[in-house]
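First chain written, first letter: the chains are A, B, C, D, E and F, and each begins at residue 1.
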Amino acid sequence: MKIVMAIIKPFKLEEVRDALTGIGVHGLTVTEVKGYGRQKGHTEIYRGAEYAVSFLPKLKIEVAVAGPDVDKVVAAIAGAAKTGQIGDGKIFVTSIEHAVRIRTGETDVDAL
Amino acid sequence: MMRSSLYRWGLGALALAGLAAAVIDPALAQAPAAAAPAAPKPNAGDTAFVLISAYLVLLMTIPGLALFYGGLVRTKNMLSVLTQVFVIVAVVSIIYVIYGYSLSFTSGGGLNAFTGGFSKAFLMNVDPTKTAATFSNGVVIPEYAYIIFQMTFACITPALIVGAFAERVKFSALLLFVVLWVTFIYFPMAHMVWYWAGPDAIADAAKAVAAAGSDAAAKAAAEAKLAEVKADAGLLFQWGALDFAGGTVVHISAGIAGLVGCLVIGKRIGYGKELMPPHSLVMTLIGAALLWVGWFGFNAGSNLEANGTAALAAINTFVATGAATLAWLFVEWAAKGKPSLLGAASGAVAGLVAVTPAAGFAGPMGAIILGLVSGGVCFIFCSTVKNAFGYDDTLDVFGIHCVGGIIGALGTGIVVNVALGGAGIPDYETKPGELVAGAYEFIPALWAQAKAVLFTLAFSGIGSFILFKIVDVVVGLRVTADREREGLDLAEHGERAYNL
Amino acid sequence: MMRSSLYRWGLGALALAGLAAAVIDPALAQAPAAAAPAAPKPNAGDTAFVLISAYLVLLMTIPGLALFYGGLVRTKNMLSVLTQVFVIVAVVSIIYVIYGYSLSFTSGGGLNAFTGGFSKAFLMNVDPTKTAATFSNGVVIPEYAYIIFQMTFACITPALIVGAFAERVKFSALLLFVVLWVTFIYFPMAHMVWYWAGPDAIADAAKAVAAAGSDAAAKAAAEAKLAEVKADAGLLFQWGALDFAGGTVVHISAGIAGLVGCLVIGKRIGYGKELMPPHSLVMTLIGAALLWVGWFGFNAGSNLEANGTAALAAINTFVATGAATLAWLFVEWAAKGKPSLLGAASGAVAGLVAVTPAAGFAGPMGAIILGLVSGGVCFIFCSTVKNAFGYDDTLDVFGIHCVGGIIGALGTGIVVNVALGGAGIPDYETKPGELVAGAYEFIPALWAQAKAVLFTLAFSGIGSFILFKIVDVVVGLRVTADREREGLDLAEHGERAYNL
Amino acid sequence: MMRSSLYRWGLGALALAGLAAAVIDPALAQAPAAAAPAAPKPNAGDTAFVLISAYLVLLMTIPGLALFYGGLVRTKNMLSVLTQVFVIVAVVSIIYVIYGYSLSFTSGGGLNAFTGGFSKAFLMNVDPTKTAATFSNGVVIPEYAYIIFQMTFACITPALIVGAFAERVKFSALLLFVVLWVTFIYFPMAHMVWYWAGPDAIADAAKAVAAAGSDAAAKAAAEAKLAEVKADAGLLFQWGALDFAGGTVVHISAGIAGLVGCLVIGKRIGYGKELMPPHSLVMTLIGAALLWVGWFGFNAGSNLEANGTAALAAINTFVATGAATLAWLFVEWAAKGKPSLLGAASGAVAGLVAVTPAAGFAGPMGAIILGLVSGGVCFIFCSTVKNAFGYDDTLDVFGIHCVGGIIGALGTGIVVNVALGGAGIPDYETKPGELVAGAYEFIPALWAQAKAVLFTLAFSGIGSFILFKIVDVVVGLRVTADREREGLDLAEHGERAYNL
Amino acid sequence: MKIVMAIIKPFKLEEVRDALTGIGVHGLTVTEVKGYGRQKGHTEIYRGAEYAVSFLPKLKIEVAVAGPDVDKVVAAIAGAAKTGQIGDGKIFVTSIEHAVRIRTGETDVDAL
Amino acid sequence: MKIVMAIIKPFKLEEVRDALTGIGVHGLTVTEVKGYGRQKGHTEIYRGAEYAVSFLPKLKIEVAVAGPDVDKVVAAIAGAAKTGQIGDGKIFVTSIEHAVRIRTGETDVDAL
């Protein structure tokens, strides 16, 4: 099993969710995060005090999937989250060793 | 005096270089029409009442309206809405003392049916001793009090419009539009609906007719004079259209301008596809409550005197709002399954709008009916009708202000009827010096109202369309798609609303 | 006139189908008790003062009270509290003009000690020329102004109660309860405490006694008439209980209803186990500040005239609040180690409550004492006593409104004493036409207050218990556990407060 | 009477054990200076106006100023700012009735040029029938109304100061400082600028001079008496300095105290290094709007009568604010590329400050000029000048209140000129009983203003420095670095502002 | 060493923390997240615009533990977070290669 | 490739970012979290109800780096985030198997 973690632009959430549903993935967890990268931020000015804000709002999506599905999932996210402009984000894949569904106690692939 | 007003004029000109210099013809300057020579003195109670009513209208605009609107947009556009409303107040207040008051409430000479003139530009010829007429014979208030009260109306009206195209309009375009709109739509509308010679002028002329007795020539002269005094009024006033506190001038004219605006500027990116829930209904509730409170200044204050009719207007304002709140709430509960805060707040505003033209004319039961109707009908407009047509009037300026305003304007023609508990149509001629209720006939009363509604829809609708197009050509109405995505707060104002 | 009021009545009936049709006996209709025939004219200053005071009471309710309460609940229940307060205002305003005012402020015939009648249902027989008495001889205000002022009191009182069982009450149950409660508890209480014949009626009768001179029969008749005029008052008024602006009627009666309500409805899920910190003390602070500001309308406005006593009531309201703020703050600082904003705000409200019945009776130093006592005692109630008993009065309606109200009601009996700087108990008989301070005796004065307190506790406590039980049977008082967990905003209203 | 006031005094003493007992010399007690014996009666309209103006000043303080300031600090310090402002109001209100009013507005005997005495400590000798003078001959208001109005000024002024050292001051130190500051700086300043014998006293003395006719001795006596009456005034009043509503007393004195305070207490940790953006510009906007609305109470209310001049003051307040809003907005737009909400709101406050001393003296065009200048100059101070000097005046108390106050105070000396549309310098002597505009000379008028500004800067600047040092020694002005990092809300008050 | 990451219902936090403390785990990190899964969301209506909200508030808990403790920890969380109703959440276990306590520089198991 | 995940004190963010930029790391993702550990919390009192709050605000930083850079990155964060007082936080290192840059489709080390 793997966890696919993606950093995306906030307004792409619905499209990514739909893409995942389209390939049969029906669970995911989303976190509001701030990203720092190549995409340039903006300047805010408050009564003469200027702040260069370089952290931009992003969403982090985490999807646990069975090993074999991982490429399909990565491709689905990458496709749906892409605008082609700087700051589109990243996808990272990690292994998970164990999974449990709290409600039923089912484990591993059954738990997803 | 001459020298001082010259200095004064010079000072103004200096401050606002160039503006208006050409259009003001000193020859037009005349004695203030609103104040009779050896006239009655203002009463401190009325003065206090009108001043505080003016403060309340400001309160309903900032922070009231600003929050009511601001809470409904997305976080990223919150400050843009607040800034728009706040700066509109600032801009219009300056314009108002420069030429707005004069265009609204002086005689416009040959164009008097449509607009005033420049005789009080820069508030020339006004000082603390000058007075303005009310609706009772022999009762006046300081002209400055009248000016500040009317000024707050001019400030809030264009601010109502911004709700229709919130979240996408360019700030510079909005400012330009507002300057044009108050100049070419609002001040003329205010003149056409509310400019008249005042009760004492009519009473004097009517008394002269009575005094003329059997002398045919004198009688004819006196009657001609009376006709002239009565003709010294705006077009809609002459039609006999009733508008106690601004159903046509404020709500219909702003509401139709909003509809036109959102059609010209187009839908928001993602409209109908992305979730766009209100970012803070708490702010919307605060705004709605302050609108309710401040609207007493608007409606009861429009009586210009603190008397029983002002109290009636206040009660009407209260119960129409209560009724509309309940109407929207229960209709929504029935139709959608849940009674919502936003429904209650929207209903309240719909009720406030509808009772505005009727405030001092209806009785409390008539006001309740107006509220019930407007709460229900505006709900249908904002949910079903709007979805059916698919226009993106962001904050339902049309569905609430225009529709509610039309309900109120037409309804005023009905509930004013004394037989239905109304206060009646004022008649200053029959018993000169006393205010009595005139005869009421259903068809003429309703027709006068309907004409006023149609005229306002056409005048403000077409006029606003032209002004939007001009602004679009000059500076462009809409921000770029990127800036719209980023949010107007950062893109247009360089700030974020919250850093929690 | 007859025809017009028939129409009017019909209109109302139409609007509110069926309601009350049976209970109104036209035979009961009588000339407005409040206005003398060839009577004094209202002064614009007093009228303006009372109207604006009414607006301020609305301001203290929405957004004031709504925010004060709303800030203290958890995010997921914010809108439910706001909606409850807002819709209560709407509902009660309509009920008030239909029969609330009539039940409160007309003669109730045989039941006059306890309730009024239906002679002014639908505000029949009221128009802009009608007047209501104040507390000075020869001074009146428009009856509509009196109605709107009293209406705001009827609107805020049930809204106070919702704090006791916030975060778990069903919205439909609350609405039903409020309708019943104002009808069977509030309107009768208002009648019992505040209904009387007015200063001019007493002065006239007292003058007749004086004029009767040595003629024994005439004197007896005049004295009988005087006794009758004095007996034309509510029960607690006849007992001589003083309540300037609503210590018993508003705060004790709402406070005890809240306690009963939270006991009947039970504790919140997780109470005492889960963290339930206030979700936004900022909103609570805004609410507390608007309560403070609006309460001037409540207290000084209750004087019904803009004069030196109104100014005294305003100063008392200011300094009692300041004193209670400091008392709570410093006691908390000493007891808990830190002075908190919530403590300061709670103290302020406790002080406002306590000074309410005393506002126009105490002197400023007496008001400060009342504030100090209530700030300290209410703190102890809301922390130690409540924890000891373990009831879940969510927002301390009992600990602040009932306890503070009792302190104020009893304290009024003490600080009214002229010897202690108070204004004295009004005496309209001794020098008819002039308001003088009557003789003060400690025990009778305090006993009259204590009787009023006990009566109110019993009447509202038992009455509210019955009404809660009825509502529980009819629609169920409480939401299901699932809906309570989810939060009332989503479960009951389908909305979320914030989408930041 | 004697007995009653003794009781009263005792009651006060009891409440506030020990305080002031020594300083009050009953021998100083005298008949209330402000009220003439068989004097004019207050008008309900004026009374209502002054009372409601007082409420508005409270509204502009809480929640107005509290939110304006609170929105600008970081989340972790939000409650500390709100608590400071709220509790300052509570503390000062109590001090004011104990000795603040007396020190400000009674004769100070030998020290009369600088301070009042204790003859009205505990509001002794004040009751609902007592009156205070206004600025018109023969017009008075209840003294209690005057007291509550002035009390609100005393409450807001020290609250302005807290903005300068927000986010680091210790709460206990702040309270102590405020008590000292109002006692030693504010009450004397109010006395020096606003204490005088009143229009009727001057008119009476002037009439006596006229009546003395040709009798040289009588004339000399009458003239001596007139001189004495005119000398019964505070120092700056005697200099002829004009300050309609508190440019020197309130804004310059608080502004310079703020600057001194932030220098004494030092910069915030991380100032200039860490990001410290405002945590909620929404709260700041609400605050700014309520400041604008409430400021009408401040400025127009300072007229003490509801008449044409009050209306003029209101209009001036409106348009100066509008002009300053636009000035800051456009200058910022030009200089920084974007027009910001914070800029608009800051400009509004700068305009309100600048028009304060001029409110009833300027004409509307003069007020616009004042607004334009202050909006522009304050922007430069808050951005460029502050950054250049590097002091950490957290919320720009100096840059807005002191700088704006100086612009207003000096500008008043110019725009008061009738030739420039101003209302002129009041002259009560030339035509006793009538208020006429006196002769205007540019240099003396401006010099009187400049002297007042310099005196205020020195008096409040040096005095505040001494008081800050005393407080620092006694309790320590600043929290520890750890507590500052954690935030004052948790560290000082044990609460968090938001739990969303 | 492992990181145990659990998605739970928000009101279960105190119970989970207590369960962990009960077995000697004294450190954890919590993140507010939004979850999408089988549990159905709700509908919000704003003036006639209806929104089907399918993301529900959840908490993500991350606990770093020494390898041998992992089953105990998973069991403790699963036990405490369970209501038996849909939406109770998931537990995922991942390996970590290295851990550091910033204050002291201690590493790996000592750092936990 | 590795993900370095660090829990730090909020006011240390700017310093950590600067330290990372200093060693050539130009991308990272930040999440607001609440931490429970040895550092003691505080008590809040609301009208007599006392709450012991043991969760403290922290920031979680996630940086994806190429395997060889990991020690440098850990050292940089540890250095910049240290105050020496309790509650400074932890650093955890996990492997990632795959990385994608959404905008370009670049993968693995190129994607960082």
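As a working rule, a contact is a pair of C-beta atoms (placed from the backbone, for glycine too) under 8 Å apart; a residue touches a chain by one contact, two chains touch by 3 or more.
The model shown is predicted, which means the values in this text are computed figures rather than measured ones.
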Chain D to chain E, fewest steps along touching chains: 2
Label-sorted list of chains bordering both chain C and chain D is B, F
Hey, what chains does chain D share as contacts with chain F? A, C
Go through C-E and C-F and name the pair with more C-beta contacts between its chains. C-F
How far is the middle of chain E from the middle of chain F, if each middle is the mean of its Cα atoms, in Å? 18
Interchain centroid distance [CA atoms averaged], chain B/chain C, Å: 35
Between the Cα centroids of chain A and chain C the separation in whole angstrom comes to 56
Touching two or more other chains - residues of chain C: 43-46, 48, 52, 275, 277-278, 286, 336, 338, 340, 342, 494-496, 498, 500
Would you mind listing the residues of chain A that make contact with two or more other chains? 31, 44-46, 94-95
State which pairs of chains touch, listing all of them. A-B, A-D, A-E, A-F, B-C, B-D, B-E, C-D, C-E, C-F, D-F, E-F
Sites on chain C touched by chain E in the complex: 270, 273-275, 485-486, 490, 494-496
If we count contacts the way the header does, which residues on chain B are in touch with chain E in the complex? 72, 275-278, 336, 338, 340, 342-343, 346, 379, 382-384, 386-387, 396
Sites on chain C touched by chain D in the complex: 43-46, 48-49, 52, 56, 74-75, 277-282, 285-286, 288-290, 292-293, 296-297, 300, 305-312, 314-315, 318-319, 321-323, 325-326, 329, 336-342, 344-345, 348, 363-366, 368-369, 372, 418-421, 423, 498, 500
Across the complex, what residues on chain B touch chain D? 3-5, 7-8, 11-12, 14-16, 42-48, 51-52, 54-55, 58-59, 62-63, 66-67, 70, 78-79, 82-83, 86-87, 89-94, 97, 122-123, 127-131, 142-145, 147-148, 151, 171, 283, 286, 492-500
What part of chain E is in contact with chain A in the complex they form? 2, 6-8, 31-38, 54-55, 58, 60, 70, 74, 77-78, 81-95
